[in-house]
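Next come two complexes, and both contain subunit A; in the first it sits with subunit B, in the second with subunit C.
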Partner chain A sequence: MLRSLSDVQADFAAALRDPAIPPPAGVVGPDGGPAPRRFAVYRNNVLVALGNALAGAFPAVGRIVGEEFFRAMARNYVLETPPTSPVLLDYGVTFPDFIAGFEPAASLPYLPDVARLERAWREAYHAADAKPLGAADLAGIPPEDLPDAVFSLHPSLRIVPSRFPIITIWRMNVSDVPPSPVDFAVGEDALIVRPDAEVEVRVVPPGGVAFVDALAAGETLGSAAVIGEASDSRFDLSGNIAGLISAGAFVDFRRQPEPAPW
Partner chain B sequence: MLSQNPDFHSSRIPSRVGVGLKPEHYKAILGESPDVGWFEVHAENYMGAGGPPHRYLTAIRERYPLSLHGVGLSIGAAHPLDRDHLLRLKALNERYEPGLFSEHLAWSTHDSVFFNDLLPIPYDEESARRVSDHIDEVQDTVGRRMLLENPSTYVAFVESTIGEIEFLTEVAKRTGCGLLLDVNNVHVSCTNQHWNATDYISRFPVELVGEIHMAGYAPEEDDHGDPLLIDAHDRPADPAVIALYAHAVSRAGPVPTLVEWDNDLPDWPTLFEEARRVEAVLLGADTPEEADVALAV
Partner chain C sequence: MSTARNLTTAVLAGAVTAAVASFAVPASAAEMEKCYGVSLKGQNDCAAGAHSCAGTATIDYDGQSFKLVPAGTCTDMETPFGPGSLEPIQRPT
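Here is the complex of A and B:
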């Protein structure tokens, strides 16, 4: 009996997803007979196309581990976590976590964080556009109102904390600068933002990760500063604010509304 | 349709050769304003919220007509279309006002897994009904006519009861959609399925064709050591495909033709030369009576 379209596609999809499953019955060559090599073209297309998508999104990871290793790692990820949307700009969100659990990559403990930086870079690249506030826009806030100010952060802004020098490693692997010795003991927390056409990657100063996270959560500047100080005694409020302004991290601000009178 | 964006170039796709737009060539194109008839983009690459892709595409759209080509809608799926994706396609059509809008006779999604490949379907009444329903939904939602592209295939199905051309013609008749004739796909599929490619072009309903695609393929071998051609888009069009193209335009007239090159991407001058090579064939075509119909898309 001939199968329904739904069954044909269910069989086809199952065999695409699991190389151990033989090509579906009813899928034939021009002679009407079984054609495993022909079906293998589709299997290969899927793995290559999705592998290419990952290679394009994680160029530094690819350069660090080499083409062959990357292809094998990507193949494992694709089979385990195929995309669920035809918009491949969004594919690979969980690839850094996968790398963290990928045994053959365990000798490169910084690799998952480099992948997180690349994912954040890609999200910033495709994020909504917004015009950042300049220093002049913020100069108008009366000093006594500053602690109660709540900032809207740029939609492209991402923070990737790391105990490894991920910015240094990433830069070395996405540009042609000659490699130099890296002190793997010095961590770099990364701030990624695209204020205009170019994605910028900067080192976050001490306490800055907790500070920016608090601002992103809608805390006032005053309470975010307390949180920043609590996370690192070296926290420097004005230095952090100046750095965020020059990075184009703020797009709007408002004074927190007065508490309701009851 | 009157343009909503006064800065945009006319929407109408001219009877010339266009080129598939790649990010690697944005700067060369904006710097040189090359004499190219139009550009085509894969819709899915412009579904981010913002950023450089939209800026470049807007700048190029101000200078050239644009065609929008979807590669992920899965029109051939037994399952319902992804409404969110359909709405994204509608939004892109409204934003960029493309002169042509096309998708594939294929499926790519099953149980919410996206395979990122153009997978084949059996040609029978059930598929024709399903594909026609989906195309009706696309045209109703997006609010315009679409072109449906003939696929490259590597396998056949025992379920198939009618030929590929009959299937495409029937779907176009039921839905009012036009057809996108990919001549490289014709050569690839005819070689792989042991059909006669010249005969395929001779029988194709050229009055429905609103656009032609040209590309390169990679030669492999099947289970019996026979040629198996892969739709690779990684090199210039093969001489056999150029010959089929000349045959196609001798029948259809000067239909807007796209040069696709998606893998092993060359530099812009090489791609531009390939477009000129194909355009020489297009401009050499006589204009038969069907041409007026074909261009009225």
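Here is the complex of A and C:
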């Protein structure tokens, strides 16, 4: 009986992921017999290619753990999480979560957050372009409109909070700066944005994560400021706004219509 | 009543004004001028023939070395040898 194409493909995919499964029927050599060694070459190519894609997307993680460890970790991830799309740009979205649950990496508790930063960097790099508002644009908003102003944030903007100094660790591992001792007690929340051609990574000031999250969720400036203050007593509204302007985080604003009084 | 009302318009306006004001300083070379005779040794931006370039001045307040400063501020700068100059000068003498 002829098997359906989807069944044949499912068998093929299963055999790719598990060497214990014999090569699917129809994978034959010139003699017409089964060709397990040829299939093994193909299986290895798939694993290596996807591992290379991860190594390219997570260079700091790769440098921190070393190539051998990274290869082994990537191989585990690839077998567990094959791509769901032919677009490799999106491959590895769940790699940071995988690392968080990967027992051999448990001695590096900051590693998942560094991976999240690298993932956010990549998303920012490929996000849509948008022209940021300048300081003068914000200065032009009538003061009475400010409490109800709703901002559109840059499409490339990402926030990665962390209780570890992930920006310091990341920078040290993607540049030629010689590594130096890091104070792991100091957390760094990262803001990643690509206002123009270059992706920028900045430290978010205290309360800034809640503030930016609120703005991104469409809260008005007034209520986002309240949320920021509530989240951290050190919250500095003016400093946060200045930081976001200089990062190119704002791209548009509108005045939220006053809700009807009834 | 929305939470926005917990912060007054004045507080928000003040915060935005202060944030915007922090960008009022000259940010690019277009708003800078070359100021001779004010840089400390090793901190100059470049020079008029006295040495090769940035950071290589070997004496303080060298009249041949300039530093980029915000436009309009050079000749108000005081040094032990007099104010800054927009042209190369001879000093220290």
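Definition applied: the second predicted complex is superposed on the first by the 249 of 262 C-alpha atoms of A that agree within 3 Å, B and C clash if a C-alpha of one lies under 4 Å from a C-alpha of the other, contacts with A are read in each partner's own complex, and residues count from 1 in each chain.
By our rule, contacts are C-beta pairs under 8 Å (C-beta built on N, C-alpha and C of every residue); 3 or more make two chains touch, one makes a residue touch a chain.
Remember, predicted model here, so these are calculated numbers, not experimental data.
When both complexes are overlaid on chain A, the residue A:141 reaches subunit C alone and has no touch with subunit B. With both structures placed on the common chain, the touch criterion links A:37 to subunit B but leaves subunit C unconnected. By the touch criterion defined above, A:222 reaches subunit C but does not reach subunit B. Of the two partner chains placed by the overlay, neither subunit B nor subunit C lies in contact with A:166.
Between subunit B and subunit C, B contacts the larger number of subunit A residues. Of the two partner chains placed by superposition, only subunit B is touched by A:2; subunit C is not. In the superposition on chain A, the residues of subunit A contacted by subunit B and by subunit C do not overlap at all. On the subunit C side of its complex with subunit A, the touching residues are 2-20, 22-24.
Touching subunit C in their complex are the following residues of subunit A: 134-136, 138-139, 141, 143-144, 146-148, 220-223, 225-227, 237-239, 241-242, 245-246, 259. Across the complex, subunit B meets subunit A through its residues 44-45, 47-55, 71-74, 77-79, 82, 85, 88, 107-117, 119, 121-122, 126-127, 130, 154-159, 192-194, 220-224, 228, 230. Residues 2-6, 8-10, 12-13, 16-17, 26-32, 34-39, 41-42, 45-46, 49-50, 53, 82-89, 125-129, 155-156, 194, 197 of subunit A touch subunit B in their complex.
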